[in-house]
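I've put the structures underneath this note.
Here come two complexes built around chain A, the first alongside chain B, the second alongside chain C.
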Partner chain A sequence: MKYIPTIGIECHVQLCTKTKLFSEVDNDARGKEPNSCVSPVDYALPGMLPRLNGEAVRLAVLAGRAMNCEINAYSRFDRKHYFYPDSPKGYQITQFYHPIIGAGYVELPSGTKVRIEHAHLEGDAGKLTHFDNYSLVDLNRVDTPLIEIVSMPDIHSAKDAHDYCKELWRLMRYAGVTYGDLYNGNMRFDVNTSVAPEGSEKLGTRTEVKNLNSFKSVERAVEYEIARQTKVLESGEKVIQQTLGWSDATGKTSPQRSKEVAADYRYMPEPDLPPIRLSNEFIEAESAKLPSMPADYRKKFAAVIAGDVLEVLLDYPELMKRLDKLDEEYIKTIANLFASVLLAEEKSAEYLNDLPTVAELTELAEMNKKKELSSTATKEVFLRLFDPQMKGRGAKTIAKELGLIQENDLGALEAIVDVVLAKPETKKAQEDFRNGEEKVIGFLVGQVMRESHGKANPSVVQEILRKKLA
Partner chain B sequence: MRIANKTVTATRLVKDALAKAKHFEDYNIFTALYEERALKKAAEIDEKIKNGESVGKLAGAPFAAKDNFLTAGDETTASAHILSGFVSPITATSVAKLEAEGAILIGHTNCDAFAHGSSTENSYYGPTLNAHDKTRVAGGSSGGSAVAVALDIVEFATGSDTGGSIRQPASFNGIYGLKPTYGCVSRYGVVAMASSTDCIGFFTRTPEDMDLVMSIASGKDEKDMTSLPDYYNADDTRGGVVDTACPSDTLQAALAKSSCSAEPIVSATPPLRIGIIKDFDNDVVDAEIRGALKKKCELLKSKGHEIVELEMPSLKYALAAYYIIQPAEVASNLSRHDGIRYGFRSEKSKNLDDLYGNTRSEGFMPENKRRIMIGNFVLSSGFYDAYFLKAAKTRTLIVKEYEEAFKKCDFILTPVSPNPAFKLGEKVNDPVAMYLEDLMSVPANLAGVPGLAIPAGETANGLSLGLQLVGPRRSDRALIEFAKELQDE
Partner chain C sequence: MEINREDIMHLGDLSDFDLSGNEAERLKEDLTGIIKYISQLDELDTEGVEPTYQVFEMENVWRDDEIKPQEASREQLLALTEEEKDNQIKVPRIL
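Up next, the complex of A and B:
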């Protein structure tokens, strides 16, 4: 029997606001002492009241629009109760009944559409570190603004699960709502997987793998779960609904400490925060600020940039903005240069933090077009555009300094060719060529290149040689 | 209000207040006195007066704060064991505003732990005694503040009123107690009880004092998103003020339906139409209180005002709805007291669950625990719709019923509680009898409308009697103005 997997994904995105969701404390705790970014509100002293950060609301609107979602003009907060030291208030402030972001969809590169059920604003929890007989609490992350994006169960393969998470990551970064640093947990994925026999109307029992923070682990965990659950069903047993953890090291999922009773969060409307009411004007004005999205670029550049190259480049929103500003005739050249750097040179994303200007890139592409630079030289100059020591000098200056400009001047090249043809050591080759030995032309071109110290344009040289030896 | 000037020094006022506080020690009014600091502040004010510098509107006036108002550097426990040792790093907005006008805080006053109660008997520090009969309760939960004002120890005192905690002790001790419109005075820095009905208010001996204190304490606070723009001091309170928070709006059931905006503010020009609620005129209410109400109505009529009988059929559900919504919010708000970060922590515990369990078992009073259990029950999945949601819908009906009532009348006059001050220990072991104390005070909390307790004579055996005036949202100032008219009998 064939089994069809069904996958739904919840994704937490940390918003890159300056301050926290409900207090004025610094939201960016990277590299800071534990418990140094905590206000009396975050610490949940008695008598403290949350103050909603308007910027978080604005970013939520952008995030929602990036996923083609409805933005709800009316939304409000609720309290989700649980006792754990990572939650100083004893509840998380979230949006259970009236989320800010309504239904929408994300389109994967393959064209598959994954519907978004809703997304809501909420505060993050603190962090616990466990030791042998004690645990330490760091509240720096408490009430960092999050949006939780809940997908519909529209995904049916590990590859699509991977692509969905990656596309979300791109969308959130294009919309500018998160730093998108996966290693530091800026985006985290909870993946629900079930399998059911083909043709079955009911979905199978699902498991939830929590807290994945890379696309690769999402893909591997889903692959593993599909295989595991299929095997369980094939052996006539039942899949147990449970929460699982994933280990990259073992490549396996394993049950997390199971709660004997289902958690009852005792949701209650948050009485300390008035509802959020957004005007249409606000929603429209903010939506208009959204830059081009990956889907826009796919449409726009379909004829110009090869699909696989484009998918590599799409991970870098700033890079795409740069490409978009170039003259159309140069886009392909520059896109390929970026792709070769990212793929072959294995340069990290940081390498692209400080991109060359549109003017510099245009200059480089022009030189390439005019054949002033060979393809190797073009790449060489391109790399130098990122070099801190050469930054800002421009492609032409760099090319000159490195002596990479090709000699295209016919008169000058003819003179060099004449010098080479006058040399006794080339006489034999000239004769052989005249006698029809086509491949010696390469030797002669090489001699001319040497004479020109590599600056001659080899195809022009060949043309001259052919004319002279005819 | 006695304030410092060229003839009376702030030091004199503060010294007198402290001496009286000590003299009445057996009433168990204060949980802490700040003698040294108060005298230092008084000296500073006296120095300014001497130098002809300007001092605030409350210069040198000694006041007391209920023990759930945080003041920086002081141990503030809400008279609850679980907050023992907790020293606040901040000062409540309301207290800070009063201090900025020169008022001098001399101490924190006793209350029911976390303001849970109607007699101040649920305090970790023991009960406060009634100002006029030491065998009787002070009322509550703001009992200490009420008695401090009634015994003339301080010029005014702060209180919090979630279901009657200012108005009932005010009436038990023969003084004025205002529960303002929800959101009128900032809640920031006051230990929360039930956030959607908590109101910060005051005890004074005259309506004039109440007006003065309110003119200073009210207004928008950036730190409290449910606080309202300052309408109290606006010259034209009729227009322009847009409500940002409506208590019914905190409830899912009332979504965008209730018209909370721009209710007209009554002008105090006679003749006014005064509503009385027929349902409250029954045997549950003490005969002498009903007598006092009748007498006040006669007085009003003699002054040319009109008495209007009101039918408010939903009010009989107010207490039931309140004792669902309030414990739910209480259970939620008390979750933060877990022994991890501050306050009391049980040392017996071996693991995390133990730590939570033991700390909360030993740290909370029985009444706190009762409300936590009720609250968690009504919020639990499977019961939410039947209890919390239904109560929320009832609340919406009550909000609407007040809106309708205020089309027919300008103010409503009712008893505050069903009886005058009761004996110590009389109700403390009968929670339902204690909850019934709130019968006629909670509707105003659910609707977010202001209620002012006013003195209304005495019983035959010398106990204070009180009545309450209830007005539409944001009619606080008109309410106080009207109370001035009612005081001359």
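Up next, the complex of A and C:
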């Protein structure tokens, strides 16, 4: 029997506000001491009251619009109670009954549409580090603003699960609502997977793999769960609904004992925070700040940049903005240069932190177009545009300094060709060519290239040779 | 609404309280009394009345996204915990 997997994903995105969701303390704890970014509000001292960060509301509107979602005019907060040392309050402030972001969808590069059920604002929990017989609590992360994005169960393969998470990551970074640093947990994914016999109207029993922090782990965990659950069903047993953890090292999921065992959160409206009411004007004014999104670029560059190249480049919003500013005739050349650099293993993303200017890129593309630079030389100069030693000098200056400018001057090239043809070691090749041996032209072009120290334009050289040997 | 001993033990579990038999019994009586008292409100007909979450009709109470110096230091906050280690709060191992 064939089994069809069904997957729904919850994604937590940390917002890049300066302060926390409910207190005026530094929200960026990267590289800072434990418990150094904590206010009495985060600490839940008696009598402390939360005050909502307006910037988090604004970013939530942008995030929602990035996913084609309705923004709810009315939203408010609720308390979700649980007892665990990562939350001094004893509850999380979230939006259970009236979330700020309503229904929408995310379109994957493959064209699959994944509907968004809703997304809501909430505070993050603190961080626990476990030791043999005790745990340590760092509250720096308490009430970092999060939006939790809840998808509909519209995903039916591990690959689409991967692509959905990656597309969310792109959307959130293009919208500018998060740093999107996965390694530091800026985005985390909980994945619900079930399988059911093909044609079955009911979904199977699902499991939830919690706290995945890379697209690869999402893909592997889903693959594993699909295979595991299919095997369980094929052997006539039942899948147990449970919360699982994933280990990248073993490549397996395993049951998790967690704070959610007693899922009895006793939600109640948060009495300390008045509701949010957004006017149409506010929503429209904020949404207008959304820049071009991946879907816009896919449409715009479809005829110019190859699909697979574009998908590589789309991971880098700043790079796309730069490409978008280039003259249309140069976009393809520059896009391919970026892709070749990114796909080469030794050059990683941080290479792109300091991008060449539009003027530098345009100058380079022009030289390439006029054949002043061979394709190899173009790439060489392109790489130097990132070089701290060469930065700001411009493509032309760099090309000259490196002696890479191609000789296109016919007179000068003819002179070099004549020198080569006068050499005794080329006589035999010349004779062979005249006798119809087409392929020796390559040898002769090579000799001319050597004589010109690589600066001659090979296609022009070949033309001259053919004329002279005719 | 009837509150039984199981409800009390469940609520105790959720808050990690280790309740003795006597305590559970006393809480059961207290909670039953409280709920009975509050239940008087059930006599009102609230058909078609929107739930009231708050009595002040305030909306959009937001603050600017600006870091303010904190009045309490890390040392002061950590001093309130039972035990600290390496500037963190030390708790019994949970999982």
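By definition in this document, the second predicted complex is superposed on the first by the 463 of 470 C-alpha atoms of A that agree within 3 Å, B and C clash if a C-alpha of one lies under 4 Å from a C-alpha of the other, contacts with A are read in each partner's own complex, and residues count from 1 in each chain.
We take it that a residue touches a chain if its C-beta (ideal position, glycine included) is under 8 Å from a C-beta of that chain, and two chains touch if they have at least 3 such contacts.
The structure presented is a predicted model; accordingly, all values stated were derived computationally and were not measured.
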(request) Answer with first, second, both or neither: which of chain B and chain C does A:P85 touch in the superposed model? (result) both
(message) Of the two partners chain B and chain C, which one touches more residues belonging to chain A?
(response) C
(message) I'd like to know which partner A:P255 touches here: chain B for first, chain C for second, both or neither.
(response) neither
(request) Name the contact category of A:P46: first (chain B only), second (chain C only), both, or neither. (result) first
(request) Please indicate which partner A:T19 is in contact with in the superposed arrangement: first for chain B, second for chain C, both, or neither. (result) second
(request) Pick one for A:I276: touches chain B only (first), chain C only (second), both, or neither. (result) second
(message) In the overlaid three-chain picture, which partner chain does A:Y267 touch, first (chain B) or second (chain C), both, or neither?
(response) first
(request) May I ask you to decide whether A:G446 touches chain B, chain C, both, or neither, giving the answer as first, second, both or neither? (result) neither
(message) Is A:H130 touching anything from chain B or chain C once the two structures are fitted on A? First, second, both or neither.
(response) second
(request) Would you please give the residues of chain A that touch chain B in one complex and also touch chain C in the other complex? (result) 40, 43, 45, 51-52, 81, 83, 85, 90, 137, 264, 266, 269, 271, 273-275
(message) For a test of understanding, state which residues of chain B touch chain A in their complex under the given definition.
(response) 68, 70, 76, 78, 83, 86, 88-90, 92, 187-192, 194-196, 222-226, 244-245, 249-252, 255-256, 328-329, 331-332, 334-338, 340-342, 352, 356, 376, 379-381, 384, 388, 392
(request) Please name which positions on chain C make contact with chain A in the complex. (result) 10, 13-16, 51, 53-54, 56, 58-68, 70-72, 74, 77-78, 80, 85-95
(request) Under the touch definition given earlier, write down the residues of chain A that touch chain B in their complex. (result) 40, 43-52, 74, 79, 81, 83, 85, 88-91, 97-98, 137, 264-275
(request) Would you mind writing out the residues of chain A in touch with chain C in their complex? (result) 17-19, 24-26, 33-36, 38-40, 43, 45, 51-57, 76, 81-85, 90, 128-139, 257-259, 262, 264, 266, 269, 271, 273-277
